[in-house]
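In the two complexes that follow, subunit A is the common piece, with subunit B as its partner first and subunit C second.
Right after this comes the complex of A and B.
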């Protein structure tokens, strides 16, 4: 894939939509692109977290291990969404397992790069805030359902 | 309270810690300070949301209405924390009721002001990201417990 194609692709990710192309080229250079086959884990609950992932292609399940030892899929994420940023924002181990439900291509963004980007591009921070807020709303709704049974 | 006292107070709120005093003076002027007596609601689940609140003094319960109609306290917030930002970030109705569990003093930050601040001060955005991430982690843990029963 050419560098221009790569930049065009990054511009379609909402959190990068307002970043200048020159900076996106830098991002394309400094972040790592990884492929996970269907069924493989992008990250595992309890592990230390040192990076976030942007989904470029494919879908993944967000799976949590319950107190009784069973696992449950509590959410799905897909193209152009960010995942794995909780552990780097809170300095806590991974709060969930992220498992590829199809073949998945991601951009791996290290903790350092994540904080540099968010500090330099307030619009990116706002987009991630919206994403986290939406996920918190979804989780709170599920909690209300689970408690009300 | 003098303007300098007011600025000093705002500097103790983590999300404002890295904002210059001159800007904090502007914030003290443009935001509204409100008092809620113990038992009163800062906001009510289902209502439209047009502002976030910074707790200056006191504590409040985060209460959600469950599917069976009962209410449950799922979280507590206290001094220097932010609350009510989900509805303005996601453009959804209030996802929970916030009820003063003691007399509470808040700084009410309108939606417009919130986005201006976050856009202008990346460090504030990062602090709010950390706060949201911590709350998401807490809610996910509670969900895992509730589902695993």
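Right after this comes the complex of A and C.
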């Protein structure tokens, strides 16, 4: 897969959808493409966050370690999804462990790079805002549902 | 040391001085004849009456018994003159060389004596005397003394003698004239010393100020971090400038005085002719003096000028040297200097000590006579482990230093197995005891040298390299002539038996054991992996590494999970994790000849591309790379760090490439200028397909590079063969690290946690083959840099501890030398060390009482006093140790 394919792929990730291709190309070029073999952790709950990942291929489990020590898979993510951005956005430790449930190929965007891009391309920040707001809305709905039960 | 320089010279070089004097005296008769002969040539030969020839050959009253003609006589005398010139100059040459030899020998001795004294300084001396003062004294300040020492006696005798000879010659000619020529000398003899005195005082002042200056520079270098942290460079400059100003004033004054002396000297010298012309002229006019006599007097006065001037110069130099010597020597005689015998005395045996370590009324006072350790009375057996506990400032570290004899007590005595350690030789305290404190130091040498430092007390046997040993033997006489050490620093010094080893191999074994205790094994192993070896001299290791290479390859090819971690070098395959350049050369460059960043400019590389039919393709690819880079980076500001991290093209070059791309289109690359084409051809060499994913290094392109790789190797001219080691799976790569030799390939880009996983596999392979020891011993060859700067502080402290363990002391004292190591690691080390020292004595100054239970005996201190001692249970009963040592004032 070459750089141009990666750019195509990035365009399908919502927060990058409206960014001009030339910038996406720079983003792709300056990011690392990594393969996580099945069972390896992309990130571990509690570790400091230093990068976000965009899944190019494969699937990963989002696992949360509960207070009682048990681990629970709370979600699954797949192609074109971004993961790990919360920890780098608000400087908190990783809120969950992300484990490859098949061989996973990702684009690893380091924290520095991510922030520099956000700083340089405000439209990206707006996209992220939008995405986060949507998620918040989603979570709120889920919470309301859960409380209503 | 001798109080004056003349005493020092006489004590150590009287024979040489006598020789020099003799030679000087011997040269006088020749000199006299040399002055006399021209008169004979003029009067006897040139102006001789032709009628008297042939005549008897007679010179200075000696009849040679044959007769000569006029011209013959002239020639004989002239040849004789020539012979005298040669003899005269030969004398000068021999005397000068001998003077140089004597001076250099004495300078060597003086420096050695001073350095020896530094080694004997008590610790306290260094509080008042800095490196910045000591170094220039031994190096620069004594340097001119060497020159003077050669001249010390010979110069006044030679020049004085010369003066007397000429004077004698003059008196023989005309006593009146001779007396007139030297008439003014007494005035000079009276005046010059008076003036010189003032210069001497200024000279002293200058030396003192320069010392402070170098001290200042030393402080700046050591404290440079503080200067930056607090922005005080301006103040430092001001202070330095102020001191330079002081030195300037003194030096300027010296110049004025010196040239004033010169002025006076020259003036008096010139007064001579004044008197000759005036008084002599008057007498000639009056007819009471012949004009010829006057002329002779003037000429004689001129002849005298040179030796006289030399004598006065000698006087000045002598005064200067005296000051320099006095000023240096006075600094090297501190009170309480360690006896010379304490460092030279060898012990009767090397048996381990047994018995007790006891302190009787030991008191240590500080500079203000306040007790720091106050009346310590304690004894414990030499097989106990002892913890010293107390609040900071309780005197625990000072007690440790007293026990280690790093400092001496103000009163009281410390007895180690029947030896009063105040008077014990260092061969006892330095071999049977060891101490790890805050003053530990790592020398700029290899790890091994540092580790074995404590095993090198004396020369054990000769240098195993016999030629070198013989070479050293031949220099011993010169060392002896200067009273220097006759030990060979390159001989074998390491005392294997002291470490419980018998040869290099078992010593490494011991080193490994000790490194393990000091928690340093992994660090050294890592250094070893990144180290290089010479496969010829360490064939065994190299063979094992090759074995590991095969095993590693086997492992990663058999296990699916590991297969993608490393892409091995294969002569028939393109390596997608290596650059295009590396793929082409397929070897390890051993020099700068093949610089990966400038392959596009290398004549041979271009020739190979040409031959492989790749040149046009490379140019085309280069154009593509340039276009991509310009597209990606053109909008970024020139100082953007992406340039450094990711771009093939620096921000300065980017506009050049932009211009090229703008001017020449992709389809008309033939329009490129030669240098532009070279620039573009160089770019693809840096591409790594697995990393850069530009889609440019296609399979076709890879095939072409493989073809070029073969051409490159096959046709490499002989002169370039030494610049490359080609990869060969059965050959050790000399210039590469051990790790790279085992991997024999590239760690894959894009494989998560590749390095960690490779490291694990590597460790497994190494363990299976039994290579770990060899790698650790390669790590021991690692050069630690100036004062160990290439190691972390914790590593340095562990190394200093390991150095103390490996020499197997009977008493090991650990004080505040492990401050940078994590607490849980220190605790780990402590447990291991208590075990290691189970039948010997371990004394540990504990920063925290939580570890006190590891020790047999606890000594609790408070305000310089030992308040309680006993087992952990005894001390911990009641309110507990913490309460016991609590010092409310601190």
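Here is the rule we go by: the second predicted complex is superposed on the first by the 118 of 149 C-alpha atoms of A that agree within 3 Å, B and C clash if a C-alpha of one lies under 4 Å from a C-alpha of the other, contacts with A are read in each partner's own complex, and residues count from 1 in each chain.
In this text, a residue touches a chain if its C-beta (ideal position, glycine included) is under 8 Å from a C-beta of that chain, and two chains touch if they have at least 3 such contacts.
Because the structure is a prediction, the values reported are computed rather than measured.
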Task: Contacts of A:22 with subunit B and subunit C, given as first, second, both or neither - done: second
Open item on the list: Just checking: does A:40 make contact with subunit B only, subunit C only, both, or neither of them? Give me first, second, both or neither.
Closed with: second
Open item on the list: So in the superposed three-chain picture, is A:3 touching just subunit B, just subunit C, both, or none of them (first/second/both/neither)?
Closed with: second
- [ ] Classify the contacts of A:133 with the two partner chains as first (subunit B alone), second (subunit C alone), both, or neither.
- [x] first
- [ ] Have a look at where A:12 lands relative to subunit B and subunit C in the superposition and call it first, second, both or neither.
- [x] neither
Open item on the list: Just to be sure I read the superposition right, which of the two partners does A:73 touch: subunit B = first, subunit C = second, or both, or neither?
Closed with: neither
Open item on the list: Of the two partners subunit B and subunit C, which one touches more residues belonging to subunit A?
Closed with: B
Open item on the list: Contact-wise, after the overlay, does A:96 reach subunit B, subunit C, both or neither (first, second, both, neither)?
Closed with: first
Open item on the list: After the superposition on A, what does A:30 contact: first (subunit B), second (subunit C), both or neither?
Closed with: second
Open item on the list: Identify the residues of subunit A that lie in both the subunit B contact region and the subunit C contact region.
Closed with: none
TODO: Mind listing the subunit C positions that touch subunit A in their complex?
DONE: 561, 564, 628, 631-633, 635, 642, 645-646, 692-695, 749-753
Open item on the list: Could you list, by residue number, the parts of subunit A that touch subunit C in their complex?
Closed with: 1-4, 6, 22, 25-26, 28-30, 32-37, 40, 42
- [ ] Quick one: which bits of subunit B touch subunit A in the complex? Just the residue numbers, please.
- [x] 64-70, 72, 74, 85-86, 89-90, 92, 95-96, 115, 118-123, 125-126, 128-130, 132-137, 139-149
